[in-house]
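Listed after this line are the structures, all set down as structure tokens.
Two complexes, one shared chain (subunit A), two partners (subunit B, subunit C).
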Partner chain A sequence: MRLPPGVSQSDFAAALTGFEATVGKDWVFTSQEDTDLYRDAYSPFWGEPEEKFVSAAVAPASTEEVQAVMRIANKYKIPIYPISTGKNLGYGGSAPVLSGSVVLDLKRMNRILEVDEKNAFALVEPGVSYFDLYRYIDERGLKVWVDCPDPGWGSVIGNALDRGGGYTNALYRNHFDAHCGMEVVLPNGELLRTGMGALPGAKTWQQYKSGFGPWIDGLFSQTSLGVVTKMGFWLMPQPEAYLSGTVTVFRRDDLIPLVEIMTRLENQEIYTGMPLFGSTLLGGLEPGDTQRRPPPAEVSAILARPGEPDWAALERFGRDKGTGFWGCRFQFYGPPKVIQAQWEYAKEQLSAIPGAKFQDGELFRIPLSAADQERVQKVVFGIPNLSIFFIGARSDTNPNPTEGHMWFSPIIPRTGEAVFEAQKVFGDAARELGVPISPLSLPGTYWRRAFIFIMGFPITHDPAVNKKNREAFKTMVRICAEHGWGEYRTAPAFQDEVMATYSFGDHALRRFNETLKDAVDPNGILSAGHYGVWPKHLRGGRA
Partner chain B sequence: MASRRQILTAGLIGSVLPLGSLATAAQAAQPMEIYRAVYDRRFASGRAFAAEAVRRGWTAAAIEGDVTNLWYHDLAVRWRAGPAAIAGVTDAQALFVLDHLARDAGMRVITREALPPDPAFSWPVVSWLIAPPARAVRA
Partner chain C sequence: MRALVGGAVAGVVLAVAWPVFAQPQDQLAHGKQVFQYWCATCHGAGPGHPGTDALQAKYHGAQPALLEDRTDLKPETVRFFVRHGVTVMPFFRKTEISDADLDAIGAYLARRR
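What follows is the complex of A and B.
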């Protein structure tokens, strides 16, 4: 049996006995056959000595059992690493930051405690997946949507705590921002409720976020301070209809006014859906378009030339072939009359870009028919799915898929100028480091006020390739920081590097987090090292 | 006493032809029921597997790469009630996704075997069995 670091065989055995008494023998896993299921399938250290391993896993079924497990872990100083469902592949999966930790697997806590249609909120446990919540709503015909990530197999709570995002209305796309109220088991086993939940018998736990006094919910996201056992979320009222409309622009520099207008319209709430934003030279705006259909050979040839791309040649191609250079699909939710008027207004504003061309999209009445469900991008309609796994799968256009990816995802300003700067910086770095980053890649529009570049660094089962890509990833973290761009989330393998870049005031943020860590978790047992926050005994002498 | 998993694995490894080995597995697994025979209808080997599965009285379920509909409308509902073994001939990505979903239902990949590439597609096809691990199904 593998042991957690710094724990004696006898203490570990005593802790496991305590865990078994708490959750039942069937829900404590110690065999390697079982614990290997918690390996990160996309680990950048796959098969290498540095790959994170799990010494055991414990799966409680209730908040009370979580409390008891934490008390036992404290008694024997067992490192604990909670996961909701552990499916955030590309950002770490279910493997712990501190190798040898015991995974606290919350998947059995899968109750949907409440869905209030009139006030559009839900209260769930961490084992509830997006599929589960969608099914609950769908079976009851409730007129609310859940904003889901892609894929939708993960935990609603887990994704929000990792500060993940989705694809519908901007008010709900930021999953942590859309939460309202938490229940948290602290490292010592004490139970805490945030917001209005701190008031016994509160009637508004999922309706008013901040309660009274300092609002501490953020401390429990990307956290090592507590185990979230319940969480409320605001849901999107089901709209009457959906409409999209696409604008295509033809000059590279048109990106600057396009972003400016796009941002203004979004902040005015002229459109509320997520803009789909990309280079029309590459063949499409929807996720996976370039995997389904390779870019035109002429475009690929221009991009393959050494040095900076020949922008004039690309513009010429876009003009001659009518593809344009950039495109943006605007998405609208609401009553048909309203959203049609909103699209008309958006077109008026976007007409300020010379030569801009527009294409009206189809208007869909909600709820979608079964046939329509099969031909739309499901996440835009709040429908969880798994199809993204098959976009990157082996196909005629992708004959050699990788074994996975690690997401590199810096936040950059929401301006066209910033996009150009990032493209240049990333392009230069990609050429030097030998990683696949297209000079035409555009950032994601998940968040309203900033862009996020999301790039997948490939994972293979070849240690030499993985080592090269890990080094490239770290170099990119450093280069981004030098330009004032920071990652919003990253896999455990890089959390220390990223946290080290948030160094203002001689790492005041990390020092503050670790001051809290020492106070709330004096034995340092919970999620050691998560997001670069380490307990005192594992800081290696760092202040 | 040998566990059912060991019997299954022995049955699969001991056969040369994967389709035949799955059939062997089905026999060895008695009285374990194969809840669904999952096949990717794009692959000739998948279609052949489905025909063999139906002949043996299993219920075949077709996919074309994506497993979302199979998962949402069928497996997720069944697995809520407890583990139920599935066997399949698909591409590796479908197996990867089903494997991770099955883990939440207390199952895992018991065996997988590469099949020759489909002439029409040129990428690997795998045959596999997902079932509860040995300790959950002591024979």
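What follows is the complex of A and C.
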């Protein structure tokens, strides 16, 4: 049996006996066959000595069982690493940061405790996936939407705590921002409720976020301070209709006014959906389009030449073929006459860009018919699915799939100038490091106030290739920091490196987090090293 | 809307129960239910199912791309892929798909052998 670091055989055996007494023998996993299922399926260290392993997993079914597990873990100083559904693939999966930890697998805590249609909120446990919540709402015909990330099998709570995002109305796309109220088991087993939940018998736990006094919810995201066992979320009232409209612009420099107008219109709430933003030279604007259909051969040939791309040649191609250079599909939710008027106003504003062309999209009445569901980008309609795995899975355009990917995701300013700078920096780095980053990549628009570039680094089962990609990833972290760009989220393999870049005031943020860590978790048993925050006794090993 | 196994109660049953089946057809029915819940989101029919598309790209029609249409699958083959994964498909833990659920999926996908 594998042992957690620093724990004796007898203490581990005693802890396991306590865990079994708490959750039942069937829900404590210690055999290698079972614990191997907690490896990170997309580990960048796959098969290498540095790959993270778990010594055991324990799967409670209730908050009370989580509390009891934490008390036992404190008694024997067992490192614990909670996961919700374990599907944080590309950002760490189900494996702990501290190798040898016991995984606290919360998948069995899968109750949907409340969905309030009138006030549009839900209260769920961590094992509830987006599929689960969607099906619950769908079966009852409730007129509320869940904002989903790309893969629908993830945990609603887990995704929010890792600060993931989705695709519908801007008010709901930032999943942590859309939460309201938490229940948290602290490392010592004590139970805490945040916001209005701190008031016994509160009637507004899911309706008013901040309660009274310092608002501490953020401390439990990307955290090592507590195990979230319940969390409320604001849901989107089902709109009457959906409309999209696409603008195409033809000069590379048109990106600057396009971003400026796009941002202004979004902050004025002229459109409320997520703008789909990309280079029309590459094909469609939907995620995965360029994976499903390779870009035109002429464009690929221009991009393949060494050095900076020949922008004039690309502009010529876009003009001659009528594809344009950049495009943005604006998305609207609401009553038909309102959203049609919003699109008309958006077109007026975007007409300031010389030569801009517009295409009116189809208006869909909600709820969608079964046939319409099959021809739309489902997440835009709050329908969870797994179609994003087109990226990476075997296909005619990708006959030799990899074993996964790790996401590199820096936040950059929401301006065209910043995009150009990032494209140049990433393009130069990509050529030097030999990683596949297109110089026409555009950032994601999940967040209203900033862009996020999301780039996938492949995972293989070849240690030499993985090592090269890990080094490239770390170099990109450093290059981004030099330009004032930081990652919003990263896999455990890089959390120390990323946290080290948030170094203002001689790492004042990290030191503050460590002060909190030492106070709240004096034995340092919970999620050691998560997001670069280590307990006192392990700080010497920090990268 | 697709008819799917749903809701919190179904989720609890799927994750917690260790079913004992009186009749083989009960196991097949359970296997179909678990397949719908866990597998069909990627291996179902129609657009937007990358598991199905990947098997089409792998076999080019030599085997059906839909797992439910296969006549060659053995329960142990199903078990291997669920517990080991393949390319971007991860493996599944026992808190997600229990051994009994996995036996039922295997029996369901092997029913045409």
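Note that in this section the second predicted complex is superposed on the first by the 539 of 543 C-alpha atoms of A that agree within 3 Å, B and C clash if a C-alpha of one lies under 4 Å from a C-alpha of the other, contacts with A are read in each partner's own complex, and residues count from 1 in each chain.
The rule is simple: contacts are C-beta pairs under 8 Å (C-beta built on N, C-alpha and C of every residue); 3 or more make two chains touch, one makes a residue touch a chain.
Only a predicted model underlies this, so the values are computations on that prediction, with no experimental measurement involved.
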Quiz item: For the overlay on subunit A, clash or fit between subunit B and subunit C?
Solution: clash
Quiz item: Once the shared chain is lined up, is A:V144 touching subunit B (first), subunit C (second), both, or neither of them?
Solution: neither
Self-check item: Which of subunit B and subunit C A:V299 touches, first, second, both or neither
Solution: neither
Exercise. Using the touch definition from the top, say if A:F389 reaches subunit B (first), subunit C (second), both or neither.
Key: both
Practice problem: Could you say whether A:M196 touches subunit B, subunit C, both of them, or neither, answering first, second, both or neither? | Solution: neither
Exercise. With the two complexes superposed on chain A, say which partner A:A370 touches: subunit B (first), subunit C (second), both, or neither.
Key: second
Quiz item: In the superposed model, does subunit B or subunit C contact more residues of subunit A?
Solution: C
Practice problem: Considering only the touch criterion stated at the top, classify A:A41 as touching first (subunit B), second (subunit C), both, or neither. | Solution: both
Quiz item: Does the superposition put A:R111 against subunit B (first), subunit C (second), both, or neither?
Solution: second
Quiz item: Is A:I437 contacted by the first partner subunit B, the second partner subunit C, both or neither?
Solution: neither
Quiz prompt | Touched partner set for A:W153, first subunit B, second subunit C, both or neither | solution = both
Quiz item: Both subunit B and subunit C touch subunit A; at which residues?
Solution: 34, 37, 41, 85, 87, 107, 131, 135, 153, 385-387, 389-390, 393-396, 399, 401
Exercise. Would you mind writing out the residues of subunit A in touch with subunit B in their complex?
Key: 33-34, 37, 41, 85, 87, 107, 131, 135, 153, 385-387, 389-390, 393-396, 399, 401
Quiz item: Contact residues on subunit B for subunit A in the complex?
Solution: 65-68, 71-72, 76, 91-94, 96-97, 100-101, 103-104, 108, 121-124, 133
Exercise. Under the touch definition given earlier, write down the residues of subunit A that touch subunit C in their complex.
Key: 26-27, 29, 34, 37-39, 41-42, 57, 59, 61, 85-87, 89, 93-94, 105, 107-108, 110-112, 127-128, 131-132, 135-136, 138-139, 152-153, 367, 370, 373-375, 378, 385-390, 392-396, 398-399, 401-405
Quiz item: For subunit C, which residues count as touching subunit A in their complex?
Solution: 1-2, 4-8, 11-12, 15-16, 18, 41-42, 46-51, 53-54, 57-58, 83, 85, 87-96
